[in-house]
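For reference, the structures are reproduced in the following blocks.
Note that chain A is present in both complexes that follow, paired respectively with chain B and with chain C.
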Partner chain A sequence: MDLGLLGQYLLNGLMLGMIYAMVAVGFTLFFGVLDVIKFSHGDVLMVGTFAGLATYLGLESVGIDSPWLQLLLVVLVSVSAMAVLGALIAKFLILPLKDAPPLNTLLATLMLGSVLRESVRLFYPNGSNPKPFPRLLPTDEWSLGTLTLRVDNLILLAAGVAAIVGVHLLITRTKLGLAIRAVAQDGETARIMGINFEWIVLLTFGLGSGLAALAGVMNGLYYNETNFGIGLLLGVIGFSAAILGGLGNVYGAILGGFIFAGLQTLGSVALPAVLPSVPSAYKDVFAFTAVIVIMAWKPTGLIAEKSSERV
Partner chain B sequence: MAHLVIENITTAYDKADVLQDVSLEVEPGKITCILGSNGSGKSTLIRSILGLTPPRRGRILFDGQPITHLATHRIIASGIACIPEGRKVFPKMSVAENLRLGAYQESDQAVVARRLDQVHEIFPRLKERTGQFAGTMSGGEQAMVSIGRGLMAAPKLLIIDEPSLGLSPLYVKENFNVIRRINELGITVLLVEQNVHQTLAIAHAGYVLLQGRVVARGSAAELADNEEVHAAYFG
Partner chain C sequence: MQRRSFARFTLATAALVVAGAFAATPASARDTVKIAFIGPLTGGVSVNGIGGRNSTDLAVRLRNADPKSKYRYELVSLDDECKPNVGVQVATKAASDNSIIAGVTHYCSAVAMGTVDVYHKFGMPVIVWGAVLPEITYGNNHKEIHRVNGTMVNQNEVAAKFMTSQGYRKWAIIHDTTDYGKGHNKYFSEYLTKSGGQILGTFGVTADQQDFTSELTKIKELKPEVIFFGGLTPLGVRIRTQMDKLGVKAQFEGTSGIKSDAFAEGLGKDLAEGSLSFIEGAPWEKLPGGLVFTGKYAQQKYAEAPEAYGPFAFAAANMILDAIEKVGPNRKKVRDELNNAKNVDTIIGKVTFDDHRQNIVPLITKYVVQDGKWVVWEDSEYGKGKRKLMGR
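Take a look at the complex of A and B:
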């Protein structure tokens, strides 16, 4: 294989890893503060993507057609609407179930995910078909030998890095991050410190859901297409990534996202090479199988030796 | 002021009442102790005050204001801090972060820095270990973190639940000295302890809990030769 193609795979893998990491961080944050698995997380991402798409169509219809302004508003509406939705889900669905068996939360959010998914399919105009997602970023290209760099992809990569670094700084350097970590390590003692427990939980769910919405918009901008089922796949992948890294550990989730993308990339390169009859679409099968093997080998995740590690 | 009044509270976890009709008073500026053997309801009393397990009946007043059904962070905001049973340091955080959390409700960095200096003065060891994860420290050092963290709140009333549990005699003695010093700084103390003699030596007044009821009350001197005290522990 030539170097240019390898570079192309690498860039694609990095892009996917970034998106998965952003989804996985949400799973891990939610588990950190409340010990819950929120299965509707992927579908919140999908609703965020459609909210962004609807914003774009709305702006077009009123004649606002500067791509940068459109982009700004698409991201702003999508992220803030999903942050609010995530906090509302925490307030009215997850916190009330706090003292119920964890399976109830799992089931309730699983059902909520279906409700969100089916609602978009039924009520978004022509919602059951894939939707084109607008190209809002400049698509200029640079060629380096056989490697083609596109400006929009570089911007998306930079945005992903910024989002992840931003989350890292928020968690490690701010008072809010300190409170989130305190709640994750010991919720009751955090309350004794005077931390408003419920408020921190809502903010954490808002943060994770806003991040997922950003990931959804980035995913749409990257593929220039989205559909009502996108959250199901990204949700399962994000959840796998979070488990890979050891649920509850933010850096584990980020690492897990990149590992999953690496496995997918490996699958799409190696499978057709080794077994010519297997198309590269089987990369997901390959990646999920590999995850199952890794989970059997390291049941508590790759970097969570200490099961008490949180956020 | 730091006047805590508890009036006829009954507290339960599930069905069975753990505290039954408990009334007591913590006078400003004093060290008031709660004595009682294991399982008599001392920690439950503290949970009631902090709003972690609010009482089913009765009321709790702090400086005349009812705090009975406030959320815990509001109760803390009224000037109460707690050094919980078992120390409960945040294990995956540095000593500095643990101490910062003690002053969570204070946003003035200068005030926080001043309090940190005071805590470092009382526990020089914490200054040396400022970057160490609290979970990797010895029990005695964790006790310092937990006490220091309580002081970082600069509370009017400091509630301390069994600070010497599981510590070596040397640390236990040091702990009692520290509590006395804290009180001399003007902080009112509600102290829960099993160590009857050392506790009564520093306390001004106290109560004895037995199976969720107050069975004796009085000054430290009165309690020291009270039959109920002996009965509650050894009877």
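Take a look at the complex of A and C:
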């Protein structure tokens, strides 16, 4: 295999990994502040994609057709709408269940996920059909031997890196981040120190959900297509990635996302090469099996919580 | 006295109203007979399902408007979502309802395969209008199952011969891992090797897969001249889009499964250009009955196009209606009548069922996307040599 192709696999894997990592970071943030697993996260991502798509269609119908302006508004509307939705979910579904067994939160959010999914399917016009997502990014490409670099893919990668770095800086360098970390470490003590516990929880859920919406729009721009079901698999993969890296640890989530994408890519390339009778369709089976093996080896994830600091 | 005259007045009015109702709707004298349509009305391939439903509906409407018809027909449309489990549910619903005499059933092969036993068990005659897996008719000996469209065996034979005659030699195959995709892979590979083509790699993918970049990167490494795709429109759109993103330069060859307007629309004019598809039957646009069909279809102002298999659904519905007209609304009699169909004139040409109640379709039509529309190969600028397929 030549270098160009290797680079192509790497790029494909990076792109997938970026989207997984962004979903996984959300899971890890939620677990950090409240010790809950919010299973509707993937579906929030999907709703974010559809919100972006609807914004685009709205802009088209009022005659705004500059792609950059469209892109900006699509991202803004999608991210802010999902940040609000995330905060609302936290306020009305997760916080009231704070003192209930964690299983209740998990089940409640799992059901909320189905509600969101079915709502888009039933109430978005022709919601059960796959929707073409607009091509808003420039499509210039450079060929370096067998490697094809496309401007849109590079922009998406850069945007993903920027978003993750942004979240990281927010958590480590700002007062808000300090408050989030304080709540993650010990909610009661943080409250005594004068931190508005509820506000921080809502903000964290808004942050994670906004990040998911961005991942959803990126996913749409990358594949130029979306459908009401994308959240389900992305949610499960994002959750596995978060677990793989060590739930509660942001770096772990990012690492987990890229590892999962790497496993999938490896599965689809190596499986048919080693066992010719196994089609590449088994790549998810391969990746999830590998996750199970890794979890058996390191039950607390690759980057385990050293102390009770979780974010 | 006054009360009695009021009663008389009421009676007279009532009689008038009833008489008026009879006079206004003479059709109610005809018995109502139900037939079913089953296809994917939601989901990724719903455009084809809705096209088939509209075409069946058209057949029923035209028959109801015909003063010579003995019955008034009612169409029961059910959605199989192109999912075998849902298909079995709705097929059972239709088949267990004895007031439904026969059905025009299924676009998706995996669904049609799952439901054949249901129709057999309940004794409901059906005509398959779109699913192309050979085993639907040849894998059983159920007298209830008929099919007007051809099987994928014929289309893949023509596809392999045609493509090798164009000078292509090296293929990569992507197929979905349902019965449908696997069948296409099997028959196309078989005929391709016979015609002298070489298969560099075969990739089975799941029917709802989103990301094909690693398969396509592998294919890029293999450098095929043609990528053959055995599957349906949504996956076809994704694969063709991602081929472009990865800079995979190869001719895109699909099956009857991608011959829908949704394929060309989903990709846009530029990306869809030059994609190929093969479908059983004569190009119905050219048959005299085909023009009548498109004319009548347009008159009914359906919001959606009939799509590739609409004419087959229309033909199937008409055969069922003819049978009911002839032998009456009785499942067994209708089944036997359909079993014996020979040289029946329909808009898709003459229909003759063989010993497995499979229509023998000798002709396969080749289509190519030209300027965002599927065009019969011979009429296209490609067929006339003005445009070239990729790599030619």
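Simple rule for what comes next: the second predicted complex is superposed on the first by the 308 of 311 C-alpha atoms of A that agree within 3 Å, B and C clash if a C-alpha of one lies under 4 Å from a C-alpha of the other, contacts with A are read in each partner's own complex, and residues count from 1 in each chain.
As a convention for this text, a contact is a pair of C-beta atoms (placed from the backbone, for glycine too) under 8 Å apart; a residue touches a chain by one contact, two chains touch by 3 or more.
Please read these numbers as outputs of a predicted model, since none were measured by experiment.
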item	value
Partner chain(s) touched by A:N196 [first = chain B, second = chain C, both, neither]	first
Chain A residues touched by each partner, larger count belonging to chain B or chain C	C
Partner chain(s) touched by A:P132 [first = chain B, second = chain C, both, neither]	second
Touching partner for A:L5 - first (chain B), second (chain C), both, neither	second
Contacts of A:E188 with chain B and chain C, given as first, second, both or neither	first
Which superposed partner A:I230 touches (first chain B, second chain C, both, neither)	second
Contacts of A:T146 with chain B and chain C, given as first, second, both or neither	second
First (chain B), second (chain C), both or neither touched by A:P279	second
A:L157 touches, of chain B and chain C: first, second, both or neither?	neither
Touching residues on chain A, where the partner in the complex is chain C	1-2, 5, 8-9, 12-13, 15-16, 126, 128-130, 132, 141, 143, 146, 148, 150, 152-153, 223-225, 227, 229-230, 233, 264-265, 268-269, 272, 279-281, 283-284
Partner chain B, residues of chain A touching it in the complex	175, 178-179, 181-182, 185-186, 188-198, 308-310
Chain C to chain A touching residues, read off their complex	42-44, 46-47, 81, 177, 201-206, 208-211, 213-215, 217-218, 220-221, 234, 237-238, 241-242, 245-247, 265-266
Chain B residues within the chain A interface of the complex	50, 52, 71-73, 76-77, 82, 84, 88, 90-93, 97, 100-102, 104-105, 107, 149, 153
